[in-house]
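Both of the next two complexes hold subunit A, though its partner changes from subunit B to subunit C.
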Partner chain A sequence: MKYAYYPGCSAESSASAYDATSQMVAAALGLELEEIKDWNCCGATEYFSIDSLPAYALVARNLALAGRQGTSEVIAPCSACYVNLKKVDERMGDYPQLNSDVNEALAAGNLSYTPGSVRARHLLDVICNEVGCDAVSEKVVRPLAGLTLVPYYGCYIGRPEGGFDDVENPQTLDRLLKGLGATVPDYSLKSSCCGGHMTQIGTEVALGILRGLIDLAAKLGADAMVVACPMCQLNLDVYQNQLNSHFGTTYRMPIVYFTQMMALALGMEAAELKFEEGLVPAGPMLEKWQAAEASPQPRKKKSKKALPMPEPLDGGDSG
Partner chain B sequence: MTLNPNSVYGRIISELHGGEKLRSCLQCGMCGGSCPSGPDMDHTPRKLFAMIAAGQDDEVLRSNTFWYCVSCYLCTVRCPQEIPITDIMYHLKHQAIQAGLYTTDAVDFSETFIGHVENYGRAFEFGLATQFYLAHHPLGGLKMGPMALAMLSRGRLNLRPTRIKAVRQLRNILNKAKEIGARG
Partner chain C sequence: MKIGVYTCHCGGNIAGTVDCEAVTEWAGRLDGVEVSREYKFMCSSLGQELIEEDIKEYGLDRVVVASCSPHMHEPTFRNACQRAGLNPYFLEMANIREHASWVHKDRSEATEKAMALTAASVARVRYNEPLFARLSPVNQNTLVVGGGVAGIQAALEIANAGYHVYLVEREPSIGGHMAQLDKTFPTLDCSACILTPRMFEVGNHENITMLTYSEVEEVSGYIGNFEARIRVRARCINQELCTGCGVCEEKCPAKVVDTIFEAGLGRRKAVYRPFPQAVPKFPVIDQDNCIWFQKGKCRACEKFCPTDAIDFEQDDRILEIEVGNIIVATGYDAFDARRISQYGYARYPNVFTALEFERMTNAAGPTEGNVVLRDGETQPDSIAIIHCVGSRDVRYREHCSRVCCMYSLKFAHMVHEKLPNATVYNFYIDIRTPGKDYEEFYHRLLEEGTVFIRGRAASITDATLTPEEEGKLIVTAEDTLVGRQRRIPVDMAILSTGLEPRHDSHEVARIFSISCSREGFFKERHPKLDPIATMTDGVFIAGCAQGPRDIPDTVVQGAAAAARVLSIIGKGEVEIEAAKAEVNDLTCVGCQMCIESCPYSAIEHLEERQKARVIEALCKGCGTCVAACLSKSITLYHFTDQQLVAQMRGAMDALFELVPA
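For the complex of A and B:
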């Protein structure tokens, strides 16, 4: 199926690793992505606070352009973009007055949008629920065995409501990472917020939130935290140093995108997956994985729980 | 009870889609208890809603509660009354700006961000960081220096904004939306 693709502004700068690996993984899974031509910013969490109708119109322009390209679903890898696209589409459907106001604004740019005609999908949703985690795991050529990966969903997957996963205890990313061969601990902060823009306007608040997230992952023995949103990546990775000097901690937790880990497992070269964009180096995690791969674990021994083999009656040698 | 349509409460109910649900707030406290920024807010969302209902508009609009809201929607999905709390937080920011009652840098952060979107059609992270920090935290900006450099050296910050082709079309749409919003 052909999808419209909405990269989001961070794809061009801070999250180019996510954009690149999203496209690589999509191609490997046979998902056809067509970038929305001349898309604009979704307004992130800023525009709605200043003025709501222009914020709706801003997002609706992207939906209108996606519809004009003949697609009925748009994939966004960024959770904030995904939530904005979805929210605007749904609110326009729920509130006729809003719908007509937004369309009146769009008409000033010769565009129009019918609510419900372009469905917003998060990339993780399409990969796990359309392609399917099982189908992905069948394509794995280099399992992520030996790595403990903590799935961190952030707050937007499954929220505000009617998302594609549970609002409190999402499972999609857990299933995906297990299918790639990694060890996936239960991470109780999986859907907590990363602090969003608080890193920039109220750093103290944000650093406290981030510390809690990384601390629990470290206690669970994580080799990396795996994210599905550029904002989560930015906050956890870029502010990790500052957090360490603020609290006197020494975390070195790589924060990687699920698409990077998928690409690895699907056999793509680590050198092409932009791991070096992370401020906290992913090198140690990759080396550990490669070492585990080079000395594969002996084939799984029979479970100790299995019933003991009965002794042959004659006690003699059975060959 | 008749509501003053110009009060904070009245405006939430009349201007915000779903805002009328605020009338059904039970004061159960689920929102405040769930909020990641709760400990740093001067009033929890629950308390703020009580103040709104009591008509303490001035104090409400001077509160830092909604500025510390990170739009995570946890309160919204947990609220037993399905009150669109996150949207109410957005609306309160909007009202505080209009009333000129705000005590935070967050407004400038948002406005700088929006300025870029309106001029280029895209967000501009480097410009946002530099403009915002130069204006508000010259020293904080210095602390950010090494971080920005690290990002630059990894190709994660563009020094120039990207501009979409149809900037004019976008501005026409946004101007029209502002016009409609103002007449609403």
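For the complex of A and C:
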């Protein structure tokens, strides 16, 4: 299937590694991505708080452009872009007045958008639910065995309720990483907030949040935290030094995109996957992986006295 | 035609919003009305006498009572008519309470509507025809569905009165949820100790046919004359030979987690009795997990059985029985705690459900009564009990499950008793203790030192912030008494899961032709005055199938349902409603649309004549077939086209007169 591709602003700066590996992985999986011509910023979270109509129009323009290209689904790798695209499409459908106001604005650029005509998808959703984690797993040539990877979804995936994964305990990224051969612990902060732009408003609060996230990952023995959002990556990576000096900690947790890890497992060369763009070096993690590739580890045995553990509920359900 | 119209004030219920005097005066001027009166309570004996005297004095041949819903008092006024020598079907009610005074605020508009409704009934009643109820004999057998404490109580009451009972239970043993519990609140009686004598009594009662591992598949018929088809599932045990010695269970190599009786906390064999005091004593072979049934080898049980009682060839049996009354007491399901993912059940090993904890504290349970963590060894130093899991939550179940506060208190007490040094936290919204000696039990727990935190728990997490939290589960909540967020580190969390309708309650309701609330609890005939009967005569409900309740209330309702059944058996015959449908043979084309439309399976197809025929005894007079019939061949007595058109015309004419264009 052909998808419109909406890279988002960060793809051109801080998250160019995400952009590049997203396209590499998509190509390897046979997903046809066609970048939206002349796309613009989604307005992030701020614009909606400042002036909502232009904010809606800004996002709707991208949907309109995607529709004009003849695609009915648009893939965004960035969680914030994804949520904005989805939100604007839904709200325009729910509120006729908003719909006509936005379309009036779009008309100035000879564009129009019918709510519901272009479906916003997160790249993670398309890979796990359209391609399928099993199909991805079958394509793995160099399993990520020996690596403990913590899946960190951030707060946008699954929110608001009714998205493609559970709000409190999402599973897609867990399944994907397991399919790549990694050890994936149950990371209970997986859908907590990374602080977003709190780093600019209340650094103390943001650093506390980030410390909690990295601390739990480190306790679980993570070799890296795997993210699906440029904002999460930026906060966890860029502020790691600062929080170390603030709290007197010594974390060196690589923050990598799931597409980078997929590309590795699919056999692409690490050198081409822009790991060096992260401020915390991913080198030690990659070396550990290469060393572990030869020697698989034995599994621990359970005590005989242990009581049975309930089976998890398939699919999750939060209301 | 001489019509009498009686407008009821219902105290202030009607008169508070409707000008009853105006309605009375206006109705008096309607065509054919001989006398029009108002009275404070028409349903009182004085009110009824008023009607009776007027019938005699004025020679009334039709009566209209403008009052409440016919569900309430139609029988009352029909009887009054009958006593005065008037056919009861010459009565018509205008519902000016539920349809006017209770649903409107504006006095003049409510009064106009009451007038129109009254006029409609006056216009209709002149076309009412005399009808005669039929008597039908009552079969003295009773079907009780569900072998929990509600069903046990009902079955014993009826059997002890000398009548036969078929008690059907889905599981291999009777006992229900109560058999799983350790202690009962607030008296702390051992649940099994008080229940098992009743179970044995059922098992040995000469008037009770106990059908366990069985399900009712189909019910037809009507009050006094039901037929039920029951599937008795194959136990693969010859009950004539089995002594219940338990060797098969001991030798069986297939072990599975027991998600029913042990609530997932323990294991059982593929051939098993759910618990040692099971009634009947015979085990069952669980074919889904039996190695012989799955892989075609093993038969260890057969080899070791000293009486050759294992019978792999056994098939399900279908039993057809005839009964006069049915009591549905199918119980509840515990809320599935996995649905609230922020509480981490099935994620963090040391989060347990209430039923798991019941089994844990039970001396006969998987841990022999020891309170331990999921590793089976470590005793917890601190335990959080989270109230209202799935209850009082619009995202899951809006209702209060009524028993969770009390069993949570009981859990706290059990922990204090077994682990005196452990700290127990109760996270609650409100403490609800409405029952005899319940509040006293709460006070006792306050003195025992349980920590009560008023605040619905927000989450349970293993993400720690401080060294003290390390290795613990952190319960987060807003403490609404202190007014701040709290994080309480504990070793174990117990989720006080609510009670919800059985997952298949809608399907079960269909089988018994009863209805469910939106949630799935069975609907009673009247929430206040008849919480035992259903809208289907002869089918009664008892226990948690109707709504969450504790053991005493369940026992009361089981006994009450039995009393209702006994009164029907005692009377010996039942009156069958006369408002029935009838098929006109001359115009019926035998298309069978009516048969498909009938919710009570009350229409049969006469093959040889290619005609439909209404089985009078089954027909409830709902009228669905009348609407479905393509050739207009069905008449519903007491709801004929003529009567309904007159009723509508009466209302319309009144509105034309009353409401200015």
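Convention: the second predicted complex is superposed on the first by the 293 of 319 C-alpha atoms of A that agree within 3 Å, B and C clash if a C-alpha of one lies under 4 Å from a C-alpha of the other, contacts with A are read in each partner's own complex, and residues count from 1 in each chain.
Keep in mind that, in the parts below, a residue touches a chain if its C-beta (ideal position, glycine included) is under 8 Å from a C-beta of that chain, and two chains touch if they have at least 3 such contacts.
Given the structure is predicted, the values throughout are model-derived calculations rather than measurements.
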item	value
Partner with the higher number of touched subunit A residues, subunit C or subunit B	B
Partner chain(s) touched by A:101 [first = subunit B, second = subunit C, both, neither]	first
Subunit B versus subunit C as contact partner of A:189, first or second or both or neither	second
First (subunit B), second (subunit C), both or neither touched by A:169	second
First, second, both or neither for A:249, with subunit B first and subunit C second	neither
First, second, both or neither for A:290, with subunit B first and subunit C second	neither
Touched partner set for A:10, first subunit B, second subunit C, both or neither	first
Residues of subunit A contacting subunit B in one complex and subunit C in the other	167-168, 192
Of all residues in subunit A, those that touch subunit B in their complex	9-10, 12-16, 38-41, 43-54, 56-58, 61, 83, 91, 94-95, 98, 101-102, 104-111, 155-156, 158-161, 167-168, 192-193, 195-198, 200-205, 209, 238-239, 241-242, 276-279
Residues on subunit C engaged by subunit A in the complex (per definition of touch)	257, 264-267, 336, 338-342, 344-349, 353, 366-367, 372, 374-377, 395-396, 459, 461-465
Touching residues (chain side subunit A, partner subunit C) in the complex	166-169, 186, 188-189, 192, 212, 216, 303, 305-313, 316-319
Touching residues on subunit B, where the partner in the complex is subunit A	16-17, 36-37, 40, 66-68, 70-74, 76-77, 84, 86-87, 89-91, 93-94, 97, 104-106, 109-111, 113-114, 116-117, 121-126, 129, 132, 140, 143, 146-147, 150-151, 154-158, 162, 164-166, 169-170, 172-178, 180-181, 184
